[in-house]
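Take a look at the structures listed below.
One chain, chain A, appears in both complexes that follow, with chain B as partner in the first and chain C in the second.
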Partner chain A sequence: MKDTVLDILEDLTGSDEVRNDLDIDIFETGLLDSMGTVQMLLELQAQCGVDVPVSEFERTEWNTPNKIIAKVESMQ
Partner chain B sequence: MAENLIKAIDRWGIETPTKIAYDYLGKTNTYAELKAYSDALASYLVELNLPKGAPVIVFGGQTFEMIAAFLGAVKAGHAYIPVDAHSPLERIEVINEIARPAACIAVEELPLELGTLPVVTPAKLAEIFATKATYEASENYVAGDDNFYIIFTSGTTGVPKGVQISHDNLVSFNNWMQTDFGLAKDGICLSQPPYSFDLSVMDLYPTLTAGRQLTVLPKETTDNFKELFAVLPKLHVSEWVSTPSFMDICLLQPTFDAKNLPELTHFFFCGEELTHKTAATLKQRFPEAKIYNTYGPTEATVAVSAVEITAEILEKYPRLPIGQAKADTTIVLIDEEGKPVEQGQSGEILIAGPSVSKGYLNNPEKTAHAFVEFDGRPAYKTGDLGQYDEAGQLLYKGRIDFQIKLHGFRIELEDVDHHLDKVSYVAQATTVPRYGKDHKVSQLIAYVVKDETKAADFESDFKLTQAIKQELLETMMSYMMPQKFIYVDSLPLTANGKIDRKSLMKEVND
Partner chain C sequence: MLNMQPYQDPTYFVLLAIGLLPIMVGLLYGRRFRVYETIISFLFLLLTFGGVKWQQGVALIGYIIFELLLIYGYLAYRKRKNASWIFNLTVILSILPLVIVKIAPVMNNGRESIIGFLGISYLTFKAVGMIMEIRDGIIKEVGLSEVVHFLLFFPTISSGPIDRYRRFLGDYKKVPARDKYLALLDKAMWYIFLGFVYKFLLAYLFGVVMLPKISALALAHGGWSWWVIAYMYTYSMDLFFDFAGYSLFAVGISYIMGIQTPMNFNKPFIAKNIKDFWNRWHMTLSFWFRDYIYMRLVFFMMKKKLLKSRIAIANVGYLTLFLIMGFWHGVTWYYIVYGLYHAVAINLCDMWLRFKKRHKEKIPHNKFTEALAIFITFNVVCFSFLIFSGFLNTLFFA
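The block that comes next holds the complex of A and B.
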């Protein structure tokens, strides 16, 4: 699971930093913008089977690889 | 509607003064205010004795004061150049150099000085708007072939091009919007794209000249999805204008449908390819609504062709057509010599008609290259490839050059390369689009050869990428930023010794 999420993030951000630093803020650092976020949610749906209610999507709850992994795990 | 567009808008300030023209998250302004504000600004500008006909920069975001400033400028006889408040300083400087404007109206604080250019500061503007000056000098109004607005787009050499749209270009577009789509008289139109992007013209003038209401969805709201979906049902919009990319965000929310947004009856898309998937999902959610795919470059005033996406169209076309030209316009497909191709063949899309711009501001070379005459009418060579099918629908087939659309924004890849090349840590670079299965660009990838000396101090490629992005943002619009940076020892070259972008494109997309 963790690897799948990191693969998705690495592909979308084009940087392995998301693997090196699991607490990096992907929005603050400009690694992911709002269209990238949409792609991330679609990939999480396709590859991890989690449906994230976008109306509940708070950036601050999804801004690091660690938080995203925890979210996905809790939703499976 | 052959009357002057300014008069058409002002009429509502007199006939329906209390009617709401603009709603910014609950803060509303009326047509009377729009008239009063723009009259006051026009009186002030006329007093300044600015060079006749010279454009003025209007700097700011998505606010009522912005559109009042646009209107004030054209009432005083000056075309406006909308410059977004998020623009990098260097871009503002370059636009100033190219356009040689007579003044700048800073709706938001201008973050730099522009030589000796007179600037109306936000404080001064507030003072002007508060005066009760009346302005009757309609002989000064922008009219006929005078420029109404000038919008800057990406240019291949890193220098943006200012597309001059005249009053009559805009009339041609506006008439089409008023007559062909059955818009309700008391409709409320969503205003989402920034004013520096010509898609915003699709909501602004068809709404204001018909005395209807604009309801704004600012970037701060659209960036925060939770906020976006909390706000959307409260807007009660009946017409929707956006890029398909923005619709993709909205469709992620299952309750974005006719049951929850019953007022929404019309959807207009432009700026990039509308994919079958997006259109089909939307049709499913809003079975009764009218969905239009429209097509056109900034150079021909927003859009020149449209097709209603019906169940039949979805059934027949796996890749959606871009429709048929509006009645006053001809779309011809031409070959490399500029001659119309045989029926059924593909060719470069040439647009001829009254909404075609007179060309790029102060750029005769680029103007001569793209603007021609066809059958005695002004015409624009789009660089887009098209093909007509047997039903007369125009199909989009891609580009003949390295221009791309990313989330609706038009980007010349050479422009991004140019900015990258200037970054201190970069020895050489080129940019390549990655396409999704839906033919849309999903990512922009930069291939970079580092400057070994200057880039030596970075402990990781990530840190280097951060530093490069930082430098880029000083000169380049953020929507042009590559999502991915790949560091290589050298870039592939063609037989002529040029960077072989095509081979990298193949590598990325195979």
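The block that comes next holds the complex of A and C.
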């Protein structure tokens, strides 16, 4: 599951930095923007079965690969 | 009866200091005096919406009742069902007073609507945000006292910053630990002091001292001139220091009341591109539009596959966002052009960022390119403010 999330992130950001540094801030660094966020939420729904409504999403809680993995794990 | 608009007058601050003192003492000793807080909030609201502005007061009361009915009505409905058309209808009803207030002057020869009142936009954003979170199932219950305190939170009622229900409630229900509250007071003092410098010194200098003179010179010259450029920069500085000053007051007073209202500005003029700019300028508004309009629209379009290209979806998303923002400022040609201008700017910015990503190695990146980026962004933004100011209307069409 962790790999699935990282695959999704790597695909969306077009960068393997999300694999190398699991604490990188994907928004500060411009790796992901709002559009990418929406895509990520849709992919997480499709591939990991977690349903995250847009208003549940808060940047400060999802801004690193580690945080995203933790969130997905907690929702499964 | 006396009427005072928030933060315009040093006397207002004296009244705040007196009124908030018991609250400060309470919080220092780990207690919220909720009854006192409610009374003092009511008095400050009365101060702003009473006296000569009593019609606004009536409009405000009517509006709050209307929005509360919608919120509780939708909440009750949502407990059982979740049809989209009910949600859409509720949102439309919720923004209807604001839409009426924005359109009325266009229909009535410039006369303002009687249902309008100071802060109607910001209250509407708060209410609509709640309705959307009820739809998403994130908000499952709403306490009456809590929602009233949230919507009518007096430090931010006139022009924000725009807070969100769950975040506000988190602060409101708790009492900060003493050392945390002392830190908040410390920041509050600094913010209020900085707000004074911004609003009563710098905005005064740019907006009251310099701007009228530059305006007169530009109008005397007529058409395009260096005076118009001077107007552009002066107006931009005035706009920033005035609004940032106000926001600092609102946040500072919130902090004194133990509520960490989010900040509105973060050094916007050092933004490296227009996307960065909108993460620094009027942040609570920008993020509200991003979260409640852009992301929901993009989510909907992607899920229903309305357009094939994700780039097209992003473009349409931004166009919608900024057009709404333009219209929200007013149904006037220069506000709408302002919206369109930013929509085009941010879509071009996205194009540039995609290009940069693909050609990372070939594009230089150093102190000079960064300075150039900041310079370009600053000017793109200032020109948008020139449009926003309506001065071009005065210059060319009046």
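In the analysis below, the second predicted complex is superposed on the first by the 76 of 76 C-alpha atoms of A that agree within 3 Å, B and C clash if a C-alpha of one lies under 4 Å from a C-alpha of the other, contacts with A are read in each partner's own complex, and residues count from 1 in each chain.
Keep this in mind: contacts are C-beta pairs under 8 Å (C-beta built on N, C-alpha and C of every residue); 3 or more make two chains touch, one makes a residue touch a chain.
Since the structure is predicted, the reported quantities are computational estimates derived from the model, not experimental observations.
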| item | value |
| --- | --- |
| Touched partner set for A:N66, first chain B, second chain C, both or neither | neither |
| Partner chain(s) touched by A:T29 [first = chain B, second = chain C, both, neither] | first |
| First, second, both or neither for A:S55, with chain B first and chain C second | both |
| Contacts of A:T4 with chain B and chain C, given as first, second, both or neither | neither |
| Partner with the higher number of touched chain A residues, chain C or chain B | B |
| Chain B versus chain C as contact partner of A:V38, first or second or both or neither | both |
| First, second, both or neither for A:E17, with chain B first and chain C second | first |
| Touched partner set for A:Q47, first chain B, second chain C, both or neither | neither |
| Where chain A meets both chain C and chain B, residue numbers | 14, 30, 33-35, 37-39, 41-42, 53-57 |
| Interface residues, chain A side, partner chain C - complex | 14, 30, 33-35, 37-39, 41-42, 53-57 |
| Partner chain A, residues of chain B touching it in the complex | 222-226, 229-230, 245, 248-249, 252-253, 255, 407, 442-443, 445, 460-462, 465-466, 469, 481-486 |
| Contact footprint of chain B on chain A as seen in their complex | 12-17, 20, 29-30, 33-39, 41-42, 53-59 |
| Chain C residues touching chain A - in the complex, by the definition given at the top | 129, 132-133, 136-138, 275, 290-292, 294-296, 298-299, 302-303, 310, 313-314, 317, 353, 357 |
